[in-house]
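Shared chain: chain A. Partners: chain B in the first complex, chain C in the second.
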Partner chain A sequence: MELGQHISQRYDQELEDIRNQVLKMGGLVEKQAENAVKALLDRDAELAEEVASTDYKINKMEVEIDDECTRVIARRQPAASDLRLIIAVIKVITDLERIGDEAEKIGVYSIKLAKKKVSNGMHYDLTHLSKLVLAMLHDSLDAFARLDDEQALKIVGKNEIINKEINSLTRLLITHMMEDTRNIKNALRINWCARSLERIGDHSRNISEYVVFLAKGKDIRHTDIDTIRAEYNLDDED
Partner chain B sequence: MNEILETLPGTTTQSLQSDEPKPEAKTRDEFDVEIDGTVGQPFVDNPKMSSRNCDVFYAEKQAIFDVNVDIGRNEIIAMIGPSGCGKSTYLRVLNRMNDTIPICRTTGTHTLDGEDIYAKDQDPVLLRARVGMVFQKPNPFPKSIYDNVAYGPRLHGLTSNRSELDDLVEASLTKAGLFKEVKDDLQKPGTGLSGGQQQRLCIARAIAVDPEVILMDEPTSALDPIATAIIEELMDDLKESYTIAIVTHSMQQAARVSQRTAYFHLGRLVEVNDTDKVFTNPEHQLTENYITGRFG
Partner chain C sequence: MELGQHISQRYDQELEDIRNQVLKMGGLVEKQAENAVKALLDRDAELAEEVASTDYKINKMEVEIDDECTRVIARRQPAASDLRLIIAVIKVITDLERIGDEAEKIGVYSIKLAKKKVSNGMHYDLTHLSKLVLAMLHDSLDAFARLDDEQALKIVGKNEIINKEINSLTRLLITHMMEDTRNIKNALRINWCARSLERIGDHSRNISEYVVFLAKGKDIRHTDIDTIRAEYNLDDED
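For the complex of A and B:
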């Protein structure tokens, strides 16, 4: 599918503008998530502070894009792929805004974690998980930018890996807490961060689902992964 | 002027278009996608009307190519497509209105309740009583409102006395949503009504002979939005008792009123699907191009 080639060039321009704004918002959200993770792992209080205080920009963009979409619906009555684009955008930016909120939360916890002298390296346990989640976010935004439903479908399957990772992380944190009860406070903070990362993964999955809706007109939300795999002949390795 | 504007905060005089050269607009040819039969679901169970292998020629020129479609009972089917795509021509096949054009020739099988409407013993006048038609421009006869509606029943001898005819006229006008507005003016000329009222008068005239199918050829394109909304509301009521096929240039109208939508392109029936599907996720690229306003 392509966005352009309307008889009305201004309509093309309006849709293109909306899409560009979403990509810009996606870029900012991705940066926020990366910085939040970096601040957490590097115990960088300053960066964490910056993340926590930048979220307002994302919120502002969400409102602006929402406004623009409302205007296009009112003035153009989009249909078919144009309609799906607008609907998908409205949903994507909601998830992006929430990812921004999770990044902000990680930022706030990271400020506290960075200030503690002792943290006996517990936060390193998040390294693998955060890599997975950031890659998932990046790929889903990439799939949206290129309207690539095949890539989007692959991302949908990745949620399982993240869930497994969270389970083993929880076990690890429990061990830390049992070893020394003084670890509990920080272990809980790490756990909240893991929780936020998991949510970012969930939102990325949602974005990928909207990409499939946008490209194929099929709603694959709340469909279990085996059904999706069977329908789209996906390999199990993902 | 521009200098003044540029001094104001938050304004820009730069054009909205980017500086990069626009890609050349696609020509019509590049949009021409292969049409290989009709996609979607042109056929229904137990159809009210049905056409198979329909070709229509105006003298040597072929206007419609191999149209195969069913019209379901008590449904509103919308026919959309660019000008000259054959949608009106096809509509006129359904009550043999094309017979009135000497150079026009129709082939294929066309049935109403399974009965061949082009059979030799089929009387077109009787057929048109069963398959009524409403046109783009309201065309009331230069007669009173009463006589406009009573014309068909008198012609076909549907009533035996004056009071029966009175009742039928009132019932038809009521169904067409016009009776309240004209009940004291039944003897005034129909041409004195407003455009929207005239169109409803024509609908009343069409339903007075108790048709089974009503064909509407752009019934609201000469009307304002309020009159259009009233007619659309009326269509929704009428579909309880009649089957309606509507040709419209307004895609929003097709989306609002119909249950199924048929897209015609250059004399071919490209796609027939549920209206919901056509307007959210059409199957054929040409349908997509047309309803999203991407026509060259």
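For the complex of A and C:
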């Protein structure tokens, strides 16, 4: 009996360790995304270099957490809810790793962009988009940490707003390129940064979907946002 | 004894079913990618529409296979090598689903591009890039089907070639945009298609890495290609 409890406590501890590792990885990924955006907006080549050369740490964490998850499944043969946690973790860290990749790409482009002047309008749009995406990432990590499916559901709808922002920025970039063809190269770089931000938003949405899956046992991936809203009685403003 | 064998046979069948489902999903994803490329290159709006409206089938398969994997883990408590297969499947189908997303994006852009004239040089570059990427996808699915880690390892190095092609195409696009600013919008669309193709290549590489993981139990993600080459005695040409 005591031994059983002891084993079970150790098992709980293992699951808790995995969750903590994911949170730690999430923290590093968020820091990388923030620094990438800061380097881009402040035209800070040094910080951009730092972002571009830190990604390996995130990659290492992904492999370690994957290993730990496989070990726990093999050793503990987890049942329903624990297994759901582990499967969600395996999925979430894939998204975290890819957010790290996108931050790295923004870092690489920002090294080149640091030497160039960016128009005020573009800077404004890019700042706005970055804020939205970073908030989405932060909130989805937060929802994961607190297993808060209501917050997670709110994030799932945010992609539409991001898409609108991207379209608006793209129109501005096209105007900018048409005005002066010497702007084309840098406008393309900014465009790629915007697309990386868009994908950070997509991955954040994925993370939120896994949080709902964890909390409700319900897979809402690939479900129309209006259907989700109706089912969960969410208002449009959410 | 007989009952044990019976259960074990059923278990083998379940694992085999999962593998077959992945191959089926892979087949559909490959078809989607091929059609997306065909729609883009032949400026076929109808086919582009079809691609853009078929993605839901892939999404459905991902959710079903995920469910089946979770059920098998819970019911069969698989040991080492079986568990490795299931974890690899869970990862592979995420990449397959995202390849489907990229094919869908190419489909959406191709609807708009179908009405426009694309220069011969651009068409040539795009054809070449598409061929490389589709071959990479095909070979990685083939490596998965045959659990052929040697073929998988060859694919892992192919990203470098894709990157070179993308850079060459980007240079051509910039020239094109500079020559006539009315080309900018479509050049941007072609650029996004090229980036989607690049990501299909990235996801194919991921699938190949999981095949190596499956066959060798060795995680080669985030490992420098030269290190992998040295370890596996691969020549540069591989």
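Note that the second predicted complex is superposed on the first by the 222 of 238 C-alpha atoms of A that agree within 3 Å, B and C clash if a C-alpha of one lies under 4 Å from a C-alpha of the other, contacts with A are read in each partner's own complex, and residues count from 1 in each chain.
The rule we apply is simple: contacts are C-beta pairs under 8 Å (C-beta built on N, C-alpha and C of every residue); 3 or more make two chains touch, one makes a residue touch a chain.
Bear in mind the structure is a predicted one, so any value in this text is a computation, not a measurement.
Visitor: With both complexes overlaid on chain A, does A:Arg10 touch chain B (first), chain C (second), both or neither?
Guide: first
Visitor: As a test of reading the superposition: which chain, chain B or chain C, is in touch with more residues of chain A?
Guide: Of the two chains, more chain A residues are contacted by C.
Visitor: Look at A:Ile73 in the shared chain and tell me whether it touches chain B only, chain C only, both, or neither; answer first, second, both or neither.
Guide: A:Ile73: touches chain C, not chain B.
Visitor: Touch check for A:Ser81: first (chain B), second (chain C), both, or neither?
Guide: first
Visitor: With the two structures laid over each other on chain A, which partner does A:Asp219 touch: chain B (first), chain C (second), both, or neither?
Guide: second
Visitor: Figure out whether A:Lys60 sits in contact with chain B (first) or chain C (second), or with both, or with neither.
Guide: second
Visitor: Looking at A:Ile174 after the superposition, I want to know if it touches chain B, chain C, both of them or none. Which is it: first, second, both, neither?
Guide: In the superposed model, A:Ile174 contacts chain C only, not chain B.
Visitor: From the superposed pair, tell me which chain A residues show up as contacts to chain B and also as contacts to chain C.
Guide: Correct list for chain A: 77, 79-80, 83-84.
Visitor: Once bound in the complex, which stretches of chain C touch chain A?
Guide: Where chain C meets chain A, its residues are 56, 59-60, 62-63, 66-67, 69-70, 73-74, 77-80, 83-84, 87, 90-91, 94, 170, 174, 177-178, 181, 184-185, 188, 191-192, 195, 219, 221-222.
Visitor: Taking the complex as given, what residues does chain A use to touch chain B?
Guide: Residues in contact with chain B: 4-11, 13, 77-84, 217.
Visitor: Which residues of chain B touch chain A in the complex?
Guide: Residues 16-17, 22-23, 25-26, 251-252, 255, 278-282, 287-289, 291-296.
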